[in-house]
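Note that the chains are named A, B, C and D in the order they appear, and that numbering of residues resets to 1 at the start of each chain.
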Amino acid sequence: MKRWTILAHQPVARQMMQLDLQVDDAFAYVPGQFLHVRVTDGHDFLLRRPISLCNFDPDTRVLSLVYRVGGDGTRALAKRTPGMEVDVLGPLGQGFPIHEEDGHALLIGGGIGVPPLVELAKQITAQGKTVTAVIGFLTKDVVILEKELQMYGDVFVCTDDGSYGHHGRVTDLLTADLLASVDRYYSCGPLPMLQAIVGKIEAKVPGYVSLEERMGCGIGACMACVQWTVDEQGNKRLQKICKQGPVFDGREVVFE
Amino acid sequence: MPASGCFGFGKEYAEFYDLSILGAIMVKATTLETRTGNPTPRVAETPAGMLNAIGLQNPGVDLVVREELPWLRQYDVPIIVNVAGSTVEEYVQVTEKLSHSEDLDAIEVNISCPNVKCGGIQFGTNPESAAEVVREMKKAAHVPVIVKLSPNVTDIVSMAKAVEEAGADAVSLINTLVGMRIDLKTMKPILANGVGGLSGPAVKPVAIRMVYQVSQAVQIPVIGMGGVMTAEDALEFLAAGASAVAVGTANFVNPYACPEIIAGLKTYCETQGIGNIQELVGKAWK
Amino acid sequence: MPASGCFGFGKEYAEFYDLSILGAIMVKATTLETRTGNPTPRVAETPAGMLNAIGLQNPGVDLVVREELPWLRQYDVPIIVNVAGSTVEEYVQVTEKLSHSEDLDAIEVNISCPNVKCGGIQFGTNPESAAEVVREMKKAAHVPVIVKLSPNVTDIVSMAKAVEEAGADAVSLINTLVGMRIDLKTMKPILANGVGGLSGPAVKPVAIRMVYQVSQAVQIPVIGMGGVMTAEDALEFLAAGASAVAVGTANFVNPYACPEIIAGLKTYCETQGIGNIQELVGKAWK
Amino acid sequence: MKRWTILAHQPVARQMMQLDLQVDDAFAYVPGQFLHVRVTDGHDFLLRRPISLCNFDPDTRVLSLVYRVGGDGTRALAKRTPGMEVDVLGPLGQGFPIHEEDGHALLIGGGIGVPPLVELAKQITAQGKTVTAVIGFLTKDVVILEKELQMYGDVFVCTDDGSYGHHGRVTDLLTADLLASVDRYYSCGPLPMLQAIVGKIEAKVPGYVSLEERMGCGIGACMACVQWTVDEQGNKRLQKICKQGPVFDGREVVFE
């Protein structure tokens, strides 16, 4: 648990905020991990909010989060101004594993599932590999992080209402050619999207999905955030998204 | 000490601090068989509180005895095992299995879990049924039996008296209040289970009141809990009549809650010149 | 509509806005004789809530009928008079006196005030006594009788069913939860009365749960209350099954709470294309 | 109910803060009235805090409150910084009546009962009358508003521990000579102090006491803040401190 100072806090799209925090020297993380953030210090919002780590600059030690102002808690967070401190726990959970042997990775993100892909793209390309990103949004106003991802490779954007990029879902853009060209996929977004992705990709390409669930503790103690998985041997397991996840092997997740 | 269900089996918190500093550890409810609990979402936030409907997910008593308790034993701290069941027989069977283990110091009978149809809450709302469970468990138990009472009753004092007469060595209160939240987007309850247990600061006034009433009516010690976030909250419980205080939800908000509260109580005693914190117990009515 | 006890007899709020916009007005509990209430302090703050132990201070039914109700009648809004007593006879006598007045549209029977020894809570925790009060009052009353239920019971559904069978025209819930706070400076309860009634956002999950359960079990309308601060809170109550929603503590925090909530509900219905807000009632279980 | 912007917010003694607010044009008040202040906008501190109006500059329309950081709520209030808005209700209650016929008024304040006397001294002296103030505190560190009161007349200070001014209570300073020289007294402070003052002054001098009680609504609706009074005719009445008070005729208050 740390208290980090807010350096900047600005809207980056409609109801989307970027929060830049000055982190301590010891800070290090794996893309796909999350921070468990208190939105105020009082008791009004007792539970922390899980927010993915989005971008980290090791030189300035500035960490950026990008989040959607959806409910009351994120609304309270959005009111906090530079100079104030934020109480955070983390980085928590298991991030996306990067595989030595891969040459080309496919990143698939939907809405607020896009943020963790930015640091992931950075780290994968830093190892000399290439990335292609396919990201989907509800509508033009809420498109985020397109430019940031373009720094690392090709980016294909789609919107549900066709107001920007391709008109349709991310799965439309997962063409046979694209899938044939990649060694692995990394995905993050709402559950129905992840389920559609895994359905479409089947076992053709190995890869990961990052799951969301309402959390209590964020550290594996309360059993709020469970998810059934089944491994190759057929062992069914009830896993904690906050501790054994949020990233799971796409083939192992049991979608209900 | 951490409250049951809010501390898992301790492993997670051992990554944050040395568990030996705790007064005791109350582990998650244990049942006869493995239980996978309720569907998700299992938690929801409420004003100054939270609802949970975990549904007693746990590996079952055999695995707890075999793996969890021996691991916890490395710490020099009393271990209290929380036991749940849906029939008197189940409670007794779990107790018997526990009696083969040396790795626990007390049993806490959970007759008050509101989150599963057969989680024992029927025992927690009727003095006679509660007394029966306790009597049978006492026969099977080799360690003291603490009874955890439900606040969802008309008369908490007669519940406490009934279990005291049945042989309970202590009572702990309160478990969670039954509550619900509705998601305005879907117009359905947020929790997959519908209702859940309300905990956190919101329930503290109810808990303090019940501790105040029960501690005056029974001779056995009362373990107080419900919304303790700070040392001041713990002091309120002691003054109300609790001989010990447990911390639940606060562990989720702040993993260091227990050590911070313990430190706060030490500082309080030092600055107030209190030699033994037990002097404060029941100050509000003594 | 404002909840009883949180709106005095309306005069104070009439300085802030035109009371005619309200759905109804529930006035402070009225007893047979003048009552001076409990000693002070009578309120204490709690996390997301407050405790009160006013002790039914009121001028007595004669004065209420003579002075308060005729004054309120200038506003074009239904008046609901909250009645308390310590014996069935008292409840009936107050009802008889009220039956001589044209200046009220319904009676709300308060069988759930936790703050006075004989404030009727014994009637509120026992289905048979509750039913008896209601039966006798129905005989004496010339207007519909609403029964206000206490949440401090093991089984709210059987309370509601008992009063429904006894002839209640509606139930309102919840009254306050019994709670306590201790002052760490004196180590004594903050309220002079010791215990008090907990209200405000903290109790909302308990209220929602009870409305959800009761509204499915009875045929008569349910008036929901407990922690309503905003239009969203009111919508949660409607979805849970309340046919009308009352606002208590929020009036103290924000004197404009009622008009703001009413405006918020209107906006919600307009933007969601809802013609009649009654469409939402019970959405969570329908 | 208004939202006023904080212009300045600073400590003026140990655990004593002065809060300067920019008020609207319509604002007007009688000394002795109070504001009912929300310390945060959330639900953590549901009840408002009654704080006396201390000083008002009609030219700049700046209103000052002086309050003690005692409990959790005032601690939360003390964290609010200039530029933020505070939600206030009021001015509420009945203030101190100023009597045409008086020539010399005695102001008696204890601790956080001193703030309302500042504006009162200003308004009384503006009418060409004289004031003498007797103010008492626990100890030197918490002495407040001495200089402000000296702008309007003589000020005598005492502390319980003798660390500043006279060693003792305000009642020690209410000498027969002083009492003989004044036409009326105005007092505000803790109940035991007020009771001692009324006991000492008896009916020699008419005057007012301003009472404190825990409040719910602050506007007379909840009946939380009641006080027994008895008038000259012997009529006992249960009055609301927030509405009929906080200022009462010293002879009418029933001290228990």
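Criterion: contacts are C-beta pairs under 8 Å (C-beta built on N, C-alpha and C of every residue); 3 or more make two chains touch, one makes a residue touch a chain.
A quick map from chain label to UniProt name: A, D = Dihydroorotate dehydrogenase B (NAD(+)), electron transfer subunit; B, C = Dihydroorotate dehydrogenase.
All values derive from a computational prediction rather than experimental measurement.
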item: Other chains in touch with both chain A and chain C; value: B, D
item: Most remote chain, CA-based centroid, reference being chain B; value: D
item: Euclidean distance of C-alpha centroids - chain C vs chain D, Å; value: 35
item: Chain B and chain C, separation of their C-alpha mean positions in angstrom; value: 33
item: CA centroid of chain B to CA centroid of chain D, Å; value: 47
item: Residue list for chain B, restricted to those that touch at least two other chains; value: 46-49, 200-201
item: Shared-contact residues (touching 2 or more other chains) in chain D; value: 43-44
item: Topology of the chain contact graph, where touching chains are joined (line, ring, star, complete, other); value: complete
item: Chain A residues touching chain D - in the complex, by the definition given at the top; value: 40, 42-44, 76
item: Touch list for chain D against partner chain B, complex; value: 43-44
item: Complex interface listing, chain A residues touching chain B; value: 1, 38, 43-48, 73, 89, 213-227, 238, 243
item: For the chain C and chain A complex, residues of the former touching the latter; value: 47-48
item: Residues of chain C defined as touching chain D within the complex; value: 5-8, 11-13, 15, 28, 36-37, 40-50, 52, 54, 57, 200-201, 229, 249, 251-256
